[in-house]
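The two complexes that follow have chain A in common; it is paired with chain B in the first and with chain C in the second.
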Partner chain A sequence: MSVAASSALKRSGSRLVLNVVCWTAVLGTSFPLFWMISTSLKPDNELFLRPPTLLPLKPTLEHYVRLLSDTPFPSYFRNSLVVATATTLIVLLVATFGAYSLTRFRYPGRRLFARFTLFTYLLPSVVLVLPLYLTLAWFHLANSLLGLVITHVSFGLPFALWLLRSYMVTIPADLDAAARIDGASRLGSFIDVIVPQALPGLISTSLFIFIASWNEYLYALVLISRDDIKTLPIGMITMLTSSFDVEWSQLMAGSVMMTVPLIIAFTFLQRQMTQGLGVGVKG
Partner chain B sequence: MEIRLEQLSKEFADGSAAVHGLNLTIANRELLTLLGPSGCGKTTTLRMIAGLESPTRGRVYFGDRLMNEVPPAKRNIAMVFQSYALYPHMTVRGNMDYPLRKAGLNRADRQARIAQAAGLLQIDALLDRKPRQLSGGQQQRVALGRAIVRDPDVFLLDEPMSNLDAKLRGHMRVELIQLHRRLGKTAVYVTHDQMEAMTMSDRIAVLNRGLLQQVATPDEIYNRPANRFVANFIGSPEMNFIEGEIGADTDGICFRAASFNLPLSGDQAESARRFGAGRTVSAGLRPEDVMLGEGSLEGDVTVVESIGHEILVQLDVRGHRIVARVPAHLSIRSGSRVPIGFRSEKLHLFDGETGTRVRGA
Partner chain C sequence: MRLVAKDHWLGAALISPSILLFALLIVYPLGFSLWLSFTSVNTITQQGAYVGVANYRSLLADPEFLSALINNFVWTGGTLFFQMLFGVGMALILHERILFRPVARSLLLFPYLLPTVVVVLVWRWLLNDLYGAITYAASAWGGFNVDWLGQIPEAMITVVAIGTWKYFPFVFLAVSARLQTIPEVLYEAARLDGAGAWSRFWDVTFPQLRGVIAAVVLLRAIWDFKEFDLLYMMTGGGPANSTETLPLMVYKAAFGQLAMGRAAAAAIAMLAVMLVLMSLYFVGYGREQDEA
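Up next, the complex of A and B:
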């Protein structure tokens, strides 16, 4: 066998191994998702069949209908949407300006501040539960969506600031200088030049913050006790634990609906997301 | 538009000083080059004129108007950056349109101006491309286009050619000179390339470590450098320097090196006499003012380099290293010993202590 042919064989062999490994990983991680969707579509009598059915024999949407009409699920969903959206908007606004300041202005303590920012992110959230709760209670914000938004912002902001800072460092300062000479104000150059350049970073940061807020459990559990302002993670747990028998199909239907917005967002923004992270890590 | 810098200084937060008490007037329609090695403060000076840096002390005037507090956007200037700084998310047209939109021009005017500038720089065909689809030379043209399209009072150019290859640079130099003549605007050009400075400028301001060394025409800078730094910085290969003192004997006044004397005559003798016999000086002589094959001294040839029509010859003249630039037809071999003479009327004398030129009063 020629050398070229043998190396080609070797290459295709290693490619095969790589493919097998990758597909195993993909199937392994996506199986629970598949099981979740499948279960949510099964009628109650099919749930505990032995042997279990992979696909529902008689698919039904009854759990979804019941979830939306007979349970507080829509209210939880709305609360989650409000909290995650508000958190993302506030974090993005403050972090973008903050990152611009950290990369474009010279003032004493700038570097220290940037490092310290990340340090606050490293504190375990359990440690901060009590002080945060007491602080919010002092302001009468403990049992409110606003209080939850403030909490989520306080966790998301340092990370977003750090991510966007390392992203903006890579945007040449000559660009905003050029815009300012071309007739733009500082804010104008920021909006016209920096924001379009930082867009992938902004998108990946906002996705990250949105997901973190959407899935956040601990603070929502501690801060929120009123049922009408519960978010999805605690709302779902409440539904799960408040009745004697767990309605698995309904729980799965809820989980599907909780996951769908994220999957949609990821699908559309995947490209920008990876671009953003790639550049961000470099800085 | 005349630009006047008065006692302009810039110190950075970390304590490093970039520019010290710079006084400089740039005449209307003049092309003045700020020339110096990296870190000499030339770019900082340009950025202070642009308003991108605020001076620690001193004043910037455009005409009679004090500009210190005027933001860059209100100075009616255009700047070409070393990196070109084209907006990557906009097309060439978008890049050129941006300053016009900011100036509030209507659509028809903007289109007319873009067409005119694009025609002048021959970038019409590129208008719908993005910067990343352009070569370095094309990007540079677009950067120039963005600068001229708005008809500014002042052009600021920060090493605009340092990213181009040598051939393109020579070509762009000529174009820039023509463009400057045609537009008739004040221009400040920053470079560390003496060739660019010598060929393009009406006047050159040489800076070193934030201090102005000399402002003069290219000719004056080359032939009458104000101090040893300027003499050394301008010219390639570098000027030869020989340390010595002013000597006076019965034959008249001379430059006395460790192992030989050079007679001085005319104005030089006069200024040397006024400077004072016995004082230490450096004598500077450009390589083209060294003659080989004639003269009273002899030198040992150590290295011969050909640059085509001329050759650069390194010699050891009684312990002094001398470089000569002579026509190629003088066939000189390394290892040989040749007669060497200096055009003493071209000798530059610098104060041995301060380095400033020894001048007739």
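Up next, the complex of A and C:
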């Protein structure tokens, strides 16, 4: 065998090993997801088979149907939708104007404030939850969705300001300057130039805020005790701990349904993911 | 951008709602927390007296606080180490030509995208003592029966493993993105100089990754240190407080023992530890945020 052929063989051999190692790790990592979906489709009598079956022998949607008709799940889902939507709208409105001001005007304290947004983004919420709880309880807002939205704004706003600011910095200032020379007002150039340019940033920022609010657990745990206004994270834990006989396939069906909106959001976010998740990570 | 003097009021008007909300939702609560830590306020009655540094003094003598601090470091150090190991490892492997690479990439990201409550439900089902798939596999194939969450130190090992599973995709993503920006010329130059695969990694890839790795370590250390959801839902701090970290202790003090003052003192102490990590991050990476 020639030297070239043997080294080519060696290379394809190590390529094979690399592929096997990689896909073993990937499949191992994805197993819990596969198991979540598989369990949610198994009829009750299959759930407790030993050894467990990998795929449902007789796939059924009964758990999804019962989840939607016999449990408070739809109400949890609706509450989460309301809170996440309200939080996103408030945060986006305030942060868009704020980020525009931070990137297009010059005034004392501007840089300090920008730094402060980064600091608050890293701040632990257990520090803020104590005073926020006392304050909201004082105003009789502790056990309400409005109170929960207020606390969600506290982490959504710094994040949105930071993200939007980094998007708006990249829009050339010449663009709105040109619009203004053509006679547009500040606000006019903001609406006609900045908003369309920043639209991808606005969309991905709102998705990130929506997701963060949708997943939020600590504030909901502290604030909400009435079952009819529970959001999904605390509601699903209630379903786990309050039932005498835990219905795992129903909980897995709920997990799938709670994840679906996120998957839809993330397919839109694919491009921005590396920038958004790795904010501040530039090497 | 040139500014016209009459525009100043507009800039101020546009930023004022943000500043107002920051003042109400972050600055005021931070001050309130600090003040609470010097009082004996009860969570329900909201009544209490000024007690000076008594809360801090009793924390330092409190074995629960010390064990929570140690648990916090064990959890953070353990899960961070494995997150970096798998994250960087998988990024390097997937930088090679792998079959169905885009599919593999998306599958790896999934754990990071799942809500924590879903992660907890799925893992509690996988580790269920009677019918869990992993429990079954461990006993049928490995011949050992493990009480994953009910024993010391098994519970801590289990949550560290689940934390690794959930958060390594962040490391993977950041390192992958950086790898793609390393110019191919650098590798060609190294190859011309006769560098082997190993030396290409240490002399070309690694120096290019150092920055992103340092940033990711700091960012993940900060986030892991303050993790509440995963630990609280997985174990509630048990068994026997062996997985109780500072955030869990703060929550229990405030809403279990109704001792706001004690909880606030623990929270401020925790923040003090985190400030070290945060200032390191600021020194290295906050500055470029100013270049606007």
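As a working rule, the second predicted complex is superposed on the first by the 239 of 283 C-alpha atoms of A that agree within 3 Å, B and C clash if a C-alpha of one lies under 4 Å from a C-alpha of the other, contacts with A are read in each partner's own complex, and residues count from 1 in each chain.
Following the convention adopted for this analysis, contacts are C-beta pairs under 8 Å (C-beta built on N, C-alpha and C of every residue); 3 or more make two chains touch, one makes a residue touch a chain.
Note that the coordinates shown come from a computational prediction; the quantities given were computed from them, not determined experimentally.
K.L.:
For A:81 in the superposed arrangement: first (chain B), second (chain C), both or neither?
P.N.:
So A:81 meets neither chain B nor chain C here.
K.L.:
Regarding the shared-chain residue A:192, is it in contact with chain B (first), chain C (second), both, or neither?
P.N.:
first
K.L.:
Scan A:135 for contacts with chain B and chain C and give back first, second, both or neither.
P.N.:
After superposition on chain A, A:135 lies in contact with chain C alone.
K.L.:
Can A:106 be said to touch chain B (first), chain C (second), both, or neither?
P.N.:
In the superposition, A:106 touches chain B and chain C alike.
K.L.:
Classify the contacts of A:181 with the two partner chains as first (chain B alone), second (chain C alone), both, or neither.
P.N.:
first
K.L.:
Spot which of chain B and chain C makes contact with more residues of chain A, would you?
P.N.:
C
K.L.:
Does the superposition put A:21 against chain B (first), chain C (second), both, or neither?
P.N.:
In the superposition, A:21 contacts chain C only.
K.L.:
If we overlay the two complexes on their shared chain A, which of chain B and chain C does A:68 touch? Say first, second, both or neither.
P.N.:
In the superposition, A:68 touches no partner, neither chain B nor chain C.
K.L.:
Identify the partner contact of A:146: answer first if only chain B is touched, second if only chain C is, both if each is, neither if none is.
P.N.:
neither
K.L.:
Between chain B (first) and chain C (second), which, if any, makes contact with A:154: first, second, both or neither?
P.N.:
In the superposition, A:154 touches chain C alone.
K.L.:
If you lay the two complexes on top of each other, which residues of chain A touch chain B in one and chain C in the other?
P.N.:
106-107, 177
K.L.:
In the complex formed with chain C, which residues of chain A make contact?
P.N.:
Residues 15, 18-19, 21-23, 25-27, 29-30, 32-33, 35-36, 39, 47-48, 50-52, 94-95, 97-98, 100-107, 111, 113-116, 118-120, 122-135, 137-138, 150-151, 153-154, 157-158, 161-162, 165-166, 169, 173, 177, 186-187, 214-215, 217-218, 222, 232-233, 236-237, 240, 248, 251-252, 254-255, 258-259, 262-263, 266, 273-274, 277-278, 280-283.
K.L.:
Enumerate the contact residues on chain A facing chain B in the complex.
P.N.:
106-108, 172, 174-175, 177-185, 188, 192-193, 196-197
K.L.:
Quick one: in the complex, what on chain C touches chain A?
P.N.:
Residues 1-3, 7-8, 10-12, 14-15, 17-19, 21-22, 25-26, 28-30, 32-33, 36, 41, 43, 46, 86, 90, 93-94, 96-99, 104, 107-118, 120-126, 128, 130-131, 133, 136, 140, 165, 170, 173-174, 176-178, 181, 208-209, 211-212, 215-216, 219, 222, 225-226, 228-229, 232-233, 246-247, 250-251, 254-255, 260, 263-264, 267-268, 270-271, 274, 278, 281-282, 285-286, 288-290, 292 of chain C touch chain A in their complex.
K.L.:
If we count contacts the way the header does, which residues on chain B are in touch with chain A in the complex?
P.N.:
12-13, 47, 50-52, 71-73, 75, 77-79, 81-83, 85, 87-89, 98-99, 102-103, 146, 150
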